[in-house]
Every structure is written in structure tokens, then in C-alpha cells.
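All chains are identified by letter, namely A, B, C and D, in their written order; residue positions are counted from 1 within each chain.
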Amino acid sequence: MEKYLYIALFAPLVSSLFAALFTATPKKQFVGIVASLLIFSAFVASTILLTHVLGGGEIVHVELMTWMETGNLYIPFGFVVDEISITMMMVVTLVSTIVHIYSIGYMDHDTGFNRFFSYLSAFVFSMMILVMSDNFAGLFIGWEGVGLCSWLLIGFWYHKESATWAANEAFIMNRVADLGMLIGIFLVFWNTGTLQYDGAFAAMANLDTETLTWIGIFLFIGAMGKSAQFPLHTWLADAMEGPTPVSALIHAATMVTAGVYLVVRSNELYALIPNVGLFIASLGAFVAIFAATMALVNRDIKRVIAYSTLSQLGYMFAAAGLGAYWVALFHLMAHAFFKALLFLGGGNVMHALSNELDPFKMGGLGKTMKGTMIMMTLASVALAGIFPLAGFFSKDLILEVAFVDHHFIIYTVLLLTAGLTAFYSFRIIALIFHGEDRHTALGFHPHEAYKFMLVAMSPLLILAIIAGFTFKMPYFEMVTQLLPATEYHVHSQVAYWIMTIGTQLFVIASIFFAYKKYMSPSIKVPDGTSKMENSFAYKLLINQYYIPYFYEEYLVKPYRELSTILWEKVDQKIVDATVDGIAGLIHATGENTRDMQSGNLSTMLKWMVAGTIVLLSLAVVFGLSVRYSGEITTILSGLGV
Amino acid sequence: MMEIGLNHYLVLSTILFTIGLVGVMRRKNLLLLFFATEILLNAVNVAFAAISHYYGDLTGQMFAFFVIAIAASELAVGLGLLILWHKRHGSIDLDTMTSMRG
Amino acid sequence: MLSPVNVSLESLNLMTLAPMIIPIVGALLILIIDIFKGGLDKTLYVMISILFLLLDFIALLNAGGVFAKDGIMLGVFDVMLIDGLAILSQYIIVGASIFFIALALSKKIFHEYSYPEFFALFLFMISGFQFMVASDNLILIFVGLETASLALYTLIALHNRDKSFEAAVKYFTMGALAAGLYSFGSMVFYALTGSIEINQIATVLAANEYADIGYVLVAVVFMLASFGFKLSLVPFHTWTPDVYEGSSAAMAGYMSIVPKIAAFVVAMRLFEFLIHSNVVWLEVVLYAMVVITMTAANIWALVQSDVKRMLAYSSISHAGFVMAAILIGTTQSNSALFLYWILFSFTNLGSFTMLWMSRQKELPGYQKSDHSFEKFSGMIKTSPIAAVVMAIFMLSLAGLPPFALFWGKIYMISSAVTGGYTVLALIMALNSAIAGYYYIKLIVFMFMKEPVVDSNGEVYVGNATTATKAIVGFSLIGTIFAFVALNPILEFVTTYVYNSGY
Amino acid sequence: MLDHILSILIFFPMVAGIFGFMVHKDSMRAYGVAVGVIEFSLSLWLWFAFDNNVSGMQFMEHLPLVPAFGINYILGVDGISLFIIILAAFFTMIGIASLPDTKDVKNMIITLLFLQMTMIGVFAALDAIVFYVFWELSLVPMLYIIGAWGGPRRIYASIKFFLYTFTGSLVMLVGMLFMAYFFYQATGTWSFAILDWYRLILPESFQLWLFAAFFVGFAIKVPMFPFHTWLPYAHGQAPTIGSVILAAILLKMGTYAFIRFSLPLFPDASVYFMYPIAIIAIIMIIYTAMVAYAQKDVKQVVAYSSVSHMGVIVLGTFALNVEGISGSVFLMLAHGVVSGALFLLVGVIYERRHTKMMDQFGGLAKVMPRYATIFGLMMMASVGMPLTINFVGEFLSLLGFYQQSHILTLLAGIAIIVGAIYMLAAYKKMFFGEVTIEENRNLPDVNKRELLALIPLAMITIWLGIYPKPVLGPINNSAEAVVQLMHNKATSEEAKLRIPNVSGVVISKTSMKEGH
């Protein structure tokens, strides 16, 4: 089995390096093909491993070599394939294979074609390390690695100011979280003496809660960064500057879910500290609705999808926080499929309309882009969680979890979010594909994407449809080998049915509302005139609650100004000036006193005599004081000194 | 009619010496400057003579003789230099010799 | 009826006089030669002087041998005192003189060397210094001191330029004042103790436990003033820069070494016993003087625009640095003094010889004085070897390891540390940091600036001859490889100082 | 020959330099490269012959110099100094190899060879005075390099560099003399041998003063805030090669000296001063990082960044445990490689455009892709991307210090944020966006000679990032020895507590209480 593990791990690396060879040369079709094949082989290897794991085979655990070893610290390059990591591996390899193939078409006309594949495969490699590592340090390698790749890929079109800006924003914001992660790792090491998952979690059982809490908090801070949880969420929307396949792979299916993975991976830790779990859940719920609201009004399809991703991540954290780790993981998987599909579809649309993103400039594309329309619609249905598509089984499950655990606030919030989700998803569907044509007026001549791109997307479509009812049970069987097998059943059948059907109806209703509102031929393009647009709520949402503005004004600018002050005022005017001042002072003393050497003989003689006299008077004073020391003391004592 | 003792001699020599010092400081004329230094030395001679008489040994007087000798030779050198300077600058005023300063 | 005074020659122990007599004989010989046949070339006189100095040195070695065998010697009615200090200092005096007189063999013709009297005076001066260090009789010290000084004034004046006359006059006048102070000081000592032998004075003072300390201090003040003049301690230093600038580089270098060591020895004889019988006042005053001399001189040196003048100030500061040894007054510090001075002589010999070799007869426009910094700018371009050598001497003066003076410096500072003078040690260290600047300044000019004029480096060796070059080479080796000879020198010095009871 | 390999390593470059005067200036570069290669291979041989399992000194040489005063010529290497020596040899080699055609290249190369002697001497010396000799001597060639080949304000910069460090080290010298005196009092013999001093246990009050004295010398060299202001000038004015050597090797002298002198000689004082120094280190990290962000001159950015990194090194050193110390030593190497490479890269662009102002560039990624790639790699290494050489060092240093203080480590960890900020900003300014300035449109990409220097550095950066073991192992052994020595010498209770006892390994169960 090891060799499959190595294939799964290193095939992406090989692919990346291979593509890297051609970065300097103009576009080569075969680079893309080879890369896709290599990633596909990784997928195949993972599948084999999956069957192995499903077949109840023992966990594959290898130790490649030592990385760091000093003092009590021992960190190997160790990799493990267990029920959790195999899930992630499957998701990662599958989606990335599809995205690679898709990109061959999507990046067709881009000069950076080869470079793109190099980066993309590099990302897959780091992601694999992240999910397969058997210790926190290895996880951190992958953690930073995906960060680096996402920096490269967001800034892929580096000539665009916005792109590079977004790239840096993403990197730095993630760095903030990574610090938390790092501290978490330190805590783990100094308290458990190891960074290996098994050893560490075993040792945590007998640590005081306070320490555990701190560990949990710091690790979760790390997770917040990668999974773009509030308040570190702004980078995700801006990350949409990158090419669409990137958004599909990194910012929907895989990297952003790393945070969820971390929490699931450390379930044994979080099981010990339910309070932190509750906090995570609440934050998740909040982010879910918070993001959904922002998605309602946004006029950029990719950003809308990005926000929906954010909100779905909120769902996952809600589940994980409530201790339903397998549910979280399950939703992670299902979500990966339909969200990637959604993104790729969006990519098709952009392609068709030469990178136009405003849905209000589209409409009626359904006629020309049937395939895409079908895919995106179904994906949205899945996202909305309509029976029997994937979303229903994964997402409604989370609702149940919340309900059963009597966290009714969280439940309500999530339920509400479900409605919003349905609404904004179909808002863009309607705007893009239905209603009357608004784009030809703008001189667009849309065309369907290449066939093979659609073919490449089809597996995702299928999975988005069937993943739910086919996988749920076997998946449950598998993953609960490792994770707490918490079954969630509403006690009374009646209540259950009411809940489910109620949710469904609510969702469907909101879908129809969306259609009704945005398919009407008389839809007016928002131009800042309508009453709704001037309402406070709308402004708040369209400006993303003014959070980016806040960051710009109150963090970025002050930092820049402070730096300048520190340099020009403190460093130059104070620190350095002091040093030069001392030197200057000495020199100035020389300049000012050199006239003592007037060169005039009688002055010299005067100096000499003066010196003698000074010494003489000192001597006399001293001599007298000795001579009359007795008298002096008596006088002083007389004076009462 | 008071008896003149050692201290009087010492005081005298001190006074002379002080006069010499003042002269050294005040005089701008090289020649007078030399006189001043001579006064210094001779002030000391007085004291030496007195003290050696007081102790009744000759060391002090020996010292005095040596001082006289040295004073003489000093004066010789000094006058030589003085003459040289006068030849070149036609002046023996101290203020003429300030080419080096700082 | 007086009985005839009969003294046995053995008791006179004339051997103690030999080292001082030899140069006198040499001087007389030179004069006699000149009487019989004038207009002989300077090389003759130089060689004769060197020969006699070598003889002198041999006599010293002999004396040293005797000292090593049976300790301190007295002679000639006990006015001569041949102890370790005397011998060590005479080694330095005579040794340095040999090299410096050889500097007379310059390429350019200089007025003074055409007189045989120059060399005669030079030799007289040396014997004067030797008398000075080889006695603890205040009269003899006085005589020696004056002999030497008077000769020195004349030698400076012989350089025969306006500035040198001025220098001579200044030096002479202040010297005369110092002589007055000295005699007054010794008078007070005599008045207090009835003796003019330093060790006698010490014993008498110790006997009555410094009863009238006030008068002792008065004497000390006058002594301090007159030796402060010799050692150029601030504020008695004012003559130094002018005299250095006025006299030729060779003479200036000589003055920076020989008269000072002589003065140091006497100062040691005079003040050590007072320090040891802890006269607090003297300690305090010396402390202040040392610090002021070091620091002030350094600060003034920073702003000089002429290398020779800068070196003058630097030598003042070095003197202050070494004066600390007398303040500390342990065996280690006293031997550090000699060690330091030996190493210092090597370095200064080198640097002043470099200046001497670059001596011009008439100055170009961009040069304000003989050795202004501008003269050396871009030296590395035109004559790299000379520049490197000069740089090494500067670094050694700055106390950069592993060059000669560094070792002297650490041993001196270490002695301050062991003597318990922590703050002083720190001040000494920091002072050499300040000093770093002006030595580096010259290096900056030589290595980092562009040449002022497109000279082919001729100017820097304009006055050089094989002899001078050989001397530079010698001192260079001495400066660089000092650490090789360090151990023997250190042990030698320490034993000598220790055996003479300091 | 192995018995004297260290002496050979030290003095071979000097001798070669002296012979260099005889070489004609057109062939000088080849000569220099040859010497550099020989020296480097010698150093590699040293590594090859080095016994990784011995934690103590190896290849010891002993030669009495001034026995009367206890000064001896003692050399030796352990895991801590070994790799810095190799690094020095390596950088001199590639430095000479990649030297652009400056004026009087001959003098430059001879100076470099002398500099190499002093650098290797410092790290091989085991006698305080010998150490001091090389330590001081290393100033002179650097003074010349900066002053003679530097930018417009070169003289100011060079004198500042010289005097500042000179002053500091003089104070250190006094400290050394005191140390020797205490040794003399304790044993009755003078000795400046470091290994002898290790055996001396001083009362804490003495330790504090001596620590302070040594600290002044080291801190200025490192340079630690607020003594750092000479560095930007030195870097800003120095020629590329000067900055490279300065950043890669000379700065390491200070941190190395901390480990060689301060920690083992004054364990109690080290513990006593741990927090103040850690705070200074944190100021260095954050403050200089912010200052770096404000720079307009890319070279200044790198200069300040190296101060920032030195902060992490110091922090690791004063973690006073094996993880921290070996981490800091490793970070010395890492920072040497990375900052050296960055300065070389800056030199590359400076040679083409004769400006270092970032607003003069932009969009270079399109014009010089190879250059951009290598720069990007080194930048990522500098911000501590895992699997690059820097990460190992930073991770270990911070990890180590975490045992001492949680809050301070958290603050120090901000390094990875602020570091990313200024580096990415600089990279963005230089390489991203459109090419706006005409001269940049057709700049030649990095040429062979530059690649010759950069490729090996890139390879080392990756190799030691992925597989640090061959280097980390020996370092670890020596670090353990140091820590054990400190633990044994420590007198105060707190010191015993703070400094772990390596032989009896216990994992401290620090609860977060004292941290928060």
C-alpha cells in the first residue's frame, strides 16, 4: 500500500516540477495533459487506498525520513492514510483532476499556461501533505504551502494591481492566523512532548482544561484563517481575482476546508473542551448567515459563490463545533462537489462573455449555454439542499444536529440561512440564464464552452446528485471508525417530518421568490436610483458591512503611517541622531577648546602657572584640613553637624 | 631688634619666587622673561643657602651652586635663541611668535 | 688641621659611570675631529655616534648583567643609582637614539646635519638623560635634566626654519620655568627632610609619619608641575604640539620617546613612595590628571589638520595613558609602563620615519603644512606599499590587535583592573575608542580619497634612503610580530622592575 | 595536516592574499576564485573529518604565545562554529566568483582574502585574546571595502561602522581582562583560554557586570536595538560583496559570541537578563520590520530585515534550552544564506539600473522571469516558508523560547506577519504590475556569472530546509553540551530552574498560568 501512498503524494509534485520546466517557454498543450494525467494517477492511487481502507485494512502509516531533531523535539516526515485523511484525499484528487482538465480549456489563450499548471499541481501537492501528514508540523508545512500556492495563483495575472493586492492580502491575513496555529503547535509540544497526532492526543487526556482550552483556541485561530472565518474572511472574496479554476479548486473545494479538517482531525482535543466547541459552532452559524446576507445583493457572480462558500463553511464549523465531526466532514465532501461545479460553470459563463462578471449584464444565456445552465442549476439545487440531492443529506443533517442538541438559536440561524442560500443561488441563476437577453446589447457573443470541459465537469454533476443518498450510510460506517459515531435522531417521528418538510417548503418557496423577482422581464438594473438601493440595509450589505473599509482605514493605513514615523522620526531623528550627537559633541568640544592652544607663549606660560597654582591651593586646603582636622571636627560638632 | 631666623629667609625666597612667577606671566618681552626665570632660580638659591646653614650641612649650598651654573648655561642658550629670533624678525616680542596654534 | 680626604677608587665604583661617560667621550671626539678637519660628511659623524652608542649599549648590557647578579648598585659617593629602572630606561634611551640618529642619513640635505655640533649635542643629551635616570639624587637629576634639555633646545633650533626657532624658544622658556619649579620643589623637600636623596627623603618622611603633610604636598606640587611639563600632562602640555610641528619629524619622533621615558623614571622614583604610603591627595590629583590628559589630548587630536601635530596630541594622550601606571603603582603596572613604552617606541619610530621620508623642501599649494592630511589622500593609488605600512603604524597606535601597541594597552588596562581601578580601566578603553577616529582619519585619506594631484607617489619617499627604509622595515617587523617577542620582554621587564623594588 | 587544519584554514587566505600582490590585475579574479575554491574544499574536508558524535571541541591546536600573561594560541571547532566557518569560506568563494568588474578589483580580492582570514579566525579561536584579535581585525578590511568601493556617503558609513563596533568591543575587552583577573585570583595563573574560563564559577554579582561588559560588545556587533543604526548605513553604502559578507558572516560574530561566551560563562546572569534581552529582541523584530516596510530603497529593506531576523536569533539563544540554541545557530546559517542571496540579488539589479529605489522598478517579473523566480524563492525563505532553510531556524528558536515565556513568544511570533508584510510589499513593488519605466523594458535576465553564485544558494536553501539533519545533528550535540554546562554552573535557584538539565530529560508541564 505504501507505494500508492507515495504515488498519491508525489505525483502532483512531479507534475508541478515537470510543468515548471516549461515556464519560460510559450504555451505547450501537452504540459496540461501530462499534468492532468499525473494528478489523475494520484486520484487513482487514492481510490485504491480508499478501497483498502473500506476493506477494513489497517491504517497505512509511513515515515519517510527525519525532518527536525534536536533536544526533545523529533519531527519526521510521516504520512498516514486513515478514514479522515482518505476522505480529504479523495476530494482533493478528484476535484483537482477535474479542474486540471478543465483548465486546459479555460487557460487556452493564456500566455502563462505552463506556469499555471505548475502552480496548480504544486498546490495539490501541498494540500496532500496537509491532509496526509501524521503530525502538526507536517500539517503546518502543507498549511503554509497552500498559502504560498494560493498567493501565486491569486496573483497569477500579476500585471493586474487588484490581483497582486488580493494575493498579498490573502497571504498576510493567513499569516495572522498561522501565528495562532504556530503558538498552538508550541503549546502542544511543550505540554505533550510530541507533535505526532496519536501521541499528542493521547497525552492530552491528562492535561488540565485551561491548557487544553488555550491549545484549542490557538489551533482554531489557525483554522479561522484558512477557512476565512469572521473576522479574517475578507480575503476570500478578494481572492476571486484569480483564474476561475483556482477559485473552484482552492477557494471552494479544498484549501478553505483545511480549517474544518484541522478541527475534525483534533476532534479528540475538542471533545475535551465543549465550551470552545460551542464557541466554534456559534461563530460558524454567525458566519453562515453573515456571508449569506452579503451574497444577497452582490453583483459579481464569483463573489456571490465565494460568499456562499463562506456560509457553507460556517455550516461545517457549526457541525464540527457541536461535536458532529463526521457530519461536518460529510458536508465538506458534498459541498466540495457542487460548489466546484458551480464555480466551473461560472467559469464557462465568464468565458462566454469575456470575463464579464455582472449578472445584470447577462440574462437569457440559457438558450446558448444549455449544458452549463443545467449543471449550474442542479448545483444550486444541491446547494439549496433540495431532496434528493447531496445538499439535502449533508446540510439538513447539520440542522438536525443543532436541533437535537437543543441549540435552537443556532438552529434557527442556520434554517434562516438555508432560505437565504436558496434565494441568492437562484437569484444569479435566474439573472444569468433566464429573463430576457441583456448582453447582446453590450456586444457580447456568448458561446458554449469546449465539450471536453463540460465532460470534465460531469463527474462533479453526478456526484452532486447522488453523493447524498448513496454515500451517506457507507461513509458513516467508514469514518466513524475514527470519529465519534454520534447518531442524530429527532425523538418523535412527527417532529422529524415536520422539520424536514418544513425546511424543504421554506427553501423551495424562497427559490420561487428568487425566480419570480429576477425573471420578470421588467427587471431593472440597479443603478443607485431605486429606493431599495438607498436603504441602509442594502448599503451595508453591498459594502460588506464596511469591514474591508474598516481594515483599510484603521489597520492598513495606520500601519503604513506608523512605519514611516518610526523610520523617519524615531530611527533617524532619535536613535541615530543620539549616536551621531555623541560623536558630534566630542568633536565640537575639540573645535571649541582648541583655541586654548593660542600659540602665544605667554598664554602657555599662564596655563602652566595656573596649573601649578590650582594644584598648590588644593594642596594647601588639604594640608590645612589635615593639620586642623581636630579643630574642624570640634567646630562642626559645635555646629551640631 | 628682632632676630632674623630661617623663616624670614624662606618667606623672602617665596616672595621672590612669586615675583618671578608673576613676571613670567606678565612679561611680553623675551629678555625680561628670561630675567623673570632667573629670579625664580635665584629665589630658590636664597632658600637653599639659608636652609643649609640651618641644617649645618653643605648639600644645600652645593645645590645652590649647581643651580647657579645651570642658570648661567640656560641664559647662554636662551640669549642665543633670542638673538637668532631678533635677527630674523627684528623683534623680541612674544606676540610675534604665534605661527603655530590650534 | 684638616686630614687629607682619601677615597679608594673601589668605593667610587666608577663602573656605574661608564654608560654616561661613553657618549660624552664620543661627543668630545666629534668636536676634536672637527677642529682638525672641518667640512667632513655627516655620514662620518652619524657612524661615530652610532658606534659610541653601541659601546654605550654594551656597557649597559654589562651593567645589566651585574644588576641581575647582585642587585642594585650605588657609586660615586652614592649619587649614582643603578637599579632595574635605570637600566631598562637606558636601554630604551640608547636603543631609540641609535635609530633616530640614523635618520640623519636622509636624501635631502638639511642644514643641521652639516654641523658636527649637532651630533656632539645629541650625544651630550643622551648622557644627560642617562644621568637623569641613573640617580636618585635631586641635584644629579637636575643636572642631567638640564644638560639634556638645553641640548635638545639647541637641536630643535638647529633645524633652522622659522617655526623651529619659535618652537625652540617656546620650549626653552617653558623649560626654564619648569626648572625653576623643580628647584623650588627640591628646596622644599630639602627644607623638610634635610636631604636631597629621594630614598632618604622617603625614609625621613615615613619616620615622622608625614607630620606636616601640607608642606610635603607643596613640594609634590612643584615636582608634579615640572615633570608634568616634561611628560606633557595637561595643562603643562601646551608646548608639545608646537614643538613637534616646529621641529623635524625625526626630532619630533625622538622627543615623543626618549625624554618622556627619562621623565617617567624620575616620576616613578619621586611619586611611587608617596603613593605607596597612601597620600590620598596625590592619588586623586594624579587620577584627575591622567584622565584629563588622556581625554583632552584625544579630543584636540580629533580636530588637527596636520599629521605631525595630530601625532603630537596623540603622544600626549599616550603619555597620560602611561602615567596611569604610576598612579596604579603595582609591579604589574610599572612593568606595563616599560613594556608599553618599548612597543610605543617601535611604532612611533616607524610612523615618524614615514613622515620624515615624505618630507618636502617646499610645499605645494594644496598643502597648508608639512604633513597636512591632504598630502596623503589617495596614497594607496600612487604608492600602495608605503600606504599599507603607514596604515599599520596608525592601527598599531590606535591599539588594534595584533599590532605592537595593542599588547601594551591590554597589559596596562589589565594592571588597572588588577590594581582595582575599574573605572579608570574603562576610561582608558573608551579613550582609545576616541583615539581610533583620528588614526582612522589618516587611513581614510590614504585609502578612500582620490589623489589630490596626479603625483606618482614620489613625494612619499622623497626623503627616503636605504637607511630610513631599513629602519621602517625594522620597526614594521617589530610592530607586526611584537607578540612573538612579547613573552621574553615581559618576563625581563617584570624581573627588573620587581628586583628594583617597584 | 589534519592536526593543523584550522591554522591552515585561517592563514592560507592571508598568505594567498599577500602573494596576490604579485598577480597581474587582469588575472586576479581567476586567482581569487582558485584560492576561494581551495579554501572552501579545505573547509569541506574539515566537515568530512569532523566527528558528529563528539559534542566537545575538535582539531584543537595549542601554542603558547605569552604564557607569562596566559595568552595562548588555541583553536578548535565544535558543532556550533563548524558550519559558520564553512559558510564563511563558501561566501568568500562565491563572493569573489560573482564579483562585478569594479575598479581596482585586485585590491578588492586581496582585501576579501584578508577578511576571510579574520572571519574564520574568530570562529575557530578558543582563546579570548586571539578571538579578540580576529574580531577587531575583521573591522579593517570591511572598513576599506565600504570606504573605498561604497556609495556616495561611503566614508561616513565606514567610519561609523568602524568606530561604533570598535567602541563596543573595547568595553568587551575590559570585561575579558576582568574575567582573566578573576581566573587569576581563583587559580593563581593567568589564562585567557575559554575552556579554562568555562571551569570558573563566578558569584552572580560579578556575572552581572561582566555579562553587561561583554553584552555591549556583542550587541553592537549583532546589531541589537538601539545599537543598530550603523547597519543601514553600512549596508546602504557598501558594495554588494560588502553587504553580502557583512550580513552573512560578520553579523553572526555577535550572536555566536553570545553562545560561546555569555551563556556558558555567566549562566545566572543570562537568566537574570533573559527577559530584558528578549524584550529588546522583540523590539528588534517588530520595530525594524516596520521600519523596513517604510523603506524606499530595496537594499535598506533587506538590511533592516536582517536586523529583524537577528532578533529572532538572539531570542532563540536566550531560550537557554537545546531547542532554542540549536535553532538560533541554525538560523545564523539560514539567515547567512538567505540574506546573502538577497543582497546578491539586489546587486544584480543595481548593476543593471544603478539604482536601488523600488519605485524605479515594477513589472520586472515579465522582463526578468528567472531573476523574479530566484528572488521569489529567497523572499519566501526570508519570510520563513516551511521547507526552506529559514523556517527550521525560526521555528526552533521560537519553539525554544516558548518554554521560557508564552506572551513574549507570541509577540515575537508577530515576526512571521510583519516579515511577510514588508517582503511581499517590496516584491510587489519591484516585480508585479506593468512595466512603466522605459529602461526596464529590456533588461537582461540574470547571466551565467550571477547564476553561478545564486543557484548554489537556492539549492542550499531548499536542501537544508527539507533535510537539515546533517547540520542540525552536530549543532544539537554541541548545544546540549552548552546547556548542560550552564545547568551545572548555575548557582541561583531560578537559573537551575530555567536551564534544563539535558542529561535527565524531563518534559516541563508548563501550564498557561504564568503565561497569561
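One rule holds for everything that comes next: a contact is a pair of C-beta atoms (placed from the backbone, for glycine too) under 8 Å apart; a residue touches a chain by one contact, two chains touch by 3 or more.
Since this is a predicted model, take the numbers as computed values, not measurements.
In terms of Cα centroid distance from the overall Cα mean, chain D ranks first.
By number of C-beta pairs in contact, A-D leads over the other of A-B and A-D.
Chain B has its Cα centroid 96 Å from the Cα centroid of chain A. If each chain is reduced to the centroid of its CA atoms, chain A and chain D end up 35 Å from each other. Work out the mean CA point of chain B and of chain D, and you get 66 Å between them.
Between chain A and chain C the centroid-to-centroid distance comes to 77 Å (mean Cα coordinates, whole Å).
Each of residues 24, 97, 99-100, 102 in chain B touches at least two other chains. Shown for chain C are the residues that touch two or more other chains, namely 169-170, 173, 177, 181, 241-242, 303. Among all residues of chain A, those that touch two or more other chains are 594, 597, 599, 601, 605, 609, 612. Pairs of chains meeting the touch criterion: A-B, A-C, A-D, B-C, C-D. Interface residues of chain B, counted against chain C in their complex, comprise 10, 13, 17, 20, 24, 30, 33-34, 37, 40-41, 43-44, 47-48, 51-52, 55, 57, 59-60, 62-63, 66-67, 70, 73-74, 77-78, 80-82, 84-85, 88, 97, 99-100, 102. Against chain C, the residues of chain A that register as touching in their complex are 586-587, 589-591, 593-594, 596-597, 599, 601, 603-605, 607-612, 615-616, 618-620, 622-624, 626-627. Those residues of chain C lying in contact with chain B across their complex are 138-139, 142-143, 146, 150, 153-154, 157, 162-163, 165-170, 172-173, 176-177, 179-181, 183-184, 186-187, 190-191, 194-196, 241-242, 245-246, 303-304, 309. Those residues of chain A whose C-beta lies close enough to touch chain B in the complex are 594-595, 597-602, 605-606, 609, 612.
Of all residues in chain D, those touching chain A in their complex are 160, 163-164, 225-226, 228-230, 287, 290-291, 293-295, 321-323, 326-327, 363, 365-366, 369-370, 373, 380, 385-387, 392, 395-396, 398-400, 402-403, 406, 409-410, 413-414, 416-417, 420-421, 424-425, 428, 431-434, 466-469, 472-473, 475-476, 479-480, 502, 505, 507-513, 516.
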